[in-house]
Every structure is written in structure tokens, then in C-alpha cells.
Amino acid sequence: MKKKGIKNIFTQGAITPAFIAQSISNHQSKTQIGAHDLFLGQVRADEIDGKKVQAIEYTAQEDMANQIGHEIREATFGKFELSCMHIHHSIGTVKAGEICFFVFVSGAHREVVFEALPYLVNEIKTKLPVFGKEVFEDSSYQWKVNQ
Amino acid sequence: MKKKGIKNIFTQGAITPAFIAQSISNHQSKTQIGAHDLFLGQVRADEIDGKKVQAIEYTAQEDMANQIGHEIREATFGKFELSCMHIHHSIGTVKAGEICFFVFVSGAHREVVFEALPYLVNEIKTKLPVFGKEVFEDSSYQWKVNQ
Amino acid sequence: MKIKVHYYGQLTEITQKSEEIVDINASTVEDFKKELIQLHPELKNRTFQVAQNNTIQGEKDPLTALTIDLLPPFSGG
Amino acid sequence: MKIKVHYYGQLTEITQKSEEIVDINASTVEDFKKELIQLHPELKNRTFQVAQNNTIQGEKDPLTALTIDLLPPFSGG
């Protein structure tokens, strides 16, 4: 089912700061870029009815998520003058305080990245078939609901 | 002249991806944070009259820049519900493709960071007495003018 | 017609299955949902979407694929 | 009154100095700028701001500090 040019956005477990650093480094040869904007989603230890979230377990229809991710990517490139765009989402367990979502856009100037990033993050959160289960410290859980 | 609570925003030379990774890591214990937004300014190899920028040399009235940076920080915390805010700017030489400017805000949800970061970056670019000299490959130069 | 249904997220708990083969007469998504709710009454008041070929389907869309995804509300990011 | 003037950015080249002591009679920023331009005619058509105590001053503000910063347009970021 894997189609040409469709990237796998999923990373097993947390997205590490080292991975993010490597992704930034990869752009140092692209000297037409003047502005990067990075969004990172971090798992919150929300307290619900006196119990604290200790992790989120993510599952997804991965094949569909990657395809829709690809379509969102193409549409975003069509809408904004960007040099680069990267989307990464965790699958599996991510502990509170760890990064589960990493979206990265780059362009010549800051205006375009500040416009593009919120649009892109919103599209992904709304359209990707990804499902989070908030696991509490006592191993009970609830299904995450996006605002 | 150093006043209490006023941070030094200046880093000698380029801001490294490793420094950015460390800064992200430092937030993993802050489990009320759900959203980070990072802006990175990268030196562009602009071509001007057939000559390519190979580096920018930054100088500043550092004491004043740190104080104004502090005031902007306080004002931004007053305006937006943020958990954390970090401002870093290079001083000295930064080569094309390297990072010269790093602004980092964190909050509970994405809406607030997407509002706060462009405001903060704009304030800093407009109000901080920092001066960039664009040095070309043949060692000639011109003084940078912000758009 | 026998089709394979994949359940995701909370729906895997509600149906206690991640996938199953069901025998369906429906030719539209709307009718498919009705038949599936007869098989799994616990789905009745649940919000879910139907996808085939990695695309969300509308109620009136024809059911053409042999594999169908049942997706609860998304909560990525 | 003797005051120390610090030049920044392009102004260090225009005046060929990063700092100097000047003898000034001015009691406002506006008059200070006029006197300084007499000393350095090359500053005449340049855009610059005057700061004292790490604060940008308006034209009518009194000159009170013994150290003054002359700042060309900012170009950080």
C-alpha cells in the first residue's frame, strides 16, 4: 500500500530532543532559508478526578494517516511559500513531559512560517486518524478528546 | 550594571542544534506544558550584486539589549498565559546556514504559543539594539537592514 | 458480501475486536452503518466515521471496498 | 560638560571611532545631536537614535547621563 513519495510520519515512542536537533542540522546547507518555526506537542500530566496522566498511548490508522499527511503537506506547500516542511507524530507510549508531535516549517522570512505553522498543525490535529489513550498512574485510563 | 533577574541573551557565535536540544530537554519536568513553539533565525546566503553573503557579524549595545529584552519578556508574560520563555541571540560571527536567533515559548495549549511567538519575535527584532554586518565571500560587506 | 472491518481507538474496546469479517448486504455507507449497529448495538450512540481506501466516506457514498475502517473522533497531536 | 559617546554598528565606521570624549554644552538631546553633527558632519544625513541609561531618548528629553549611546537602525534577528 506504500505509495511513492509518501513519508512515514510515525516514530515509535517519544520524539527525542536529539532527533529534533538532527532535523535542525539537516537544514544548514539550505542557505536560502532565513526562518524556521517548530511546533512541539508535549504530553501534559493533566489531573482528572484526582488522578494524574502519566502517559499517552497512541494508535492510528497509519496508512491512512500517512496518506492524509501527504495531502496536507502538498496543500500547505501550495498555500504558503515554504522551503521545507516536516511532520512527525509518535505511535505507542509517550510519557508525561515527553514530545509526541513535531511539526517543522522553513522559509525565507518569518512572516510565512508564522502563518503556515498554525495552519499545518491544525490540519494535522483535525484530519489525521490518530487516537490517544491517557493512562493514569494507577493504570486506569480514558480516551483523549481533542478540544 | 548587571541587574538582578536580567538574563544575558547573547551567545558567542552560532547557536547550535545541541544547545536547542538541551533547551527542549530542560522542559521535560514541566508537565503542565502541552505546547512549545520555537523560532529560529538562520543566516541566509543572499546574493547582492552578484556577491554572496557568507556570514553576518553581530555587534550590540549588550547591556541595553539585555535590559530591553527583560522588559519585553515581562510584557509578553503579562499579555499571554505562558509557562516559559527563552530568548537567545548571537554576538560575533555566524556563517550562512547557521542559527543566529532562537526564541522559545511554552504554554498549556497551542493557541497561546502561536499568538505569543510572532509578537515576541517582532518586539525583539524591532527594539533590541543589535547590528548585523553582512560579509561577502570576497570580504567586502554591507550593513544589514531589517525589512 | 463479506467485508473486513477494522476498528480503531475506543471502538476496539466497545466492540472488543480490532477487526472482524462481517456479512453485509448494504451498498451505501449509511446502510452499512445500520447493519453494523444491528451486529454491535453498543455502537449505537457512538460517534464514528467510516473510511474505505484511506478516505473518509459520506453517508450516501457507495460501499465498494472489501476492507472498511471504523474511526472514532481523532485525538492526535 | 565632558561626556563619553559610544558609537555602534555602522556609526563606528562613519565616525571611525567606537567611543570618544566630547565637550558638549547641550542640555537636551536635540541640541546634543546638533553639536555632535558639528563635530562629525558625516553624521548629518544618517539615521540614528540617542540612548542614555539604556533607554532611547526623545528629542526634547534632557541630557543627564555622562555616557551616551549613538545607535544606528537595529538589524538583529
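A, B, C and D label the chains in the order they appear, each numbered from 1.
The rule is short, and it goes like this: a contact is a pair of C-beta atoms (placed from the backbone, for glycine too) under 8 Å apart; a residue touches a chain by one contact, two chains touch by 3 or more.
What you see is a predicted model, and the numbers here were worked out from it, not measured in a lab.
Of all chains in the assembly, those touching chain A and also chain D are B.
With centres defined as mean CA coordinates, chain C is found 49 Å away from chain B. Averaging C-alpha coordinates per chain places the centre of chain A 26 Å away from that of chain C. Centre to centre, using the average C-alpha position, chain C and chain D are separated by 73 Å.
Residues of chain C in contact with at least two other chains: 77. Residue positions 41, 110, 121 of chain B each touch two or more of the other chains.
Contact annotation for chain pairs lists A-B, A-C, B-D, with touch applied as defined.
Taken together, the chain C residues at the contact with chain A in this complex read 6, 8-10, 51, 54-55, 69, 71-77.
Across the interface of their complex, chain B is touched by residues 17-18, 20-22, 24-25, 27-45, 96-99, 106, 108-110, 113-114, 117-118, 121, 147 of chain A. Interface residues of chain A, counted against chain C in their complex, comprise 41, 58-61, 63-65, 67-68, 89, 100-101, 121, 124-133, 143-146.
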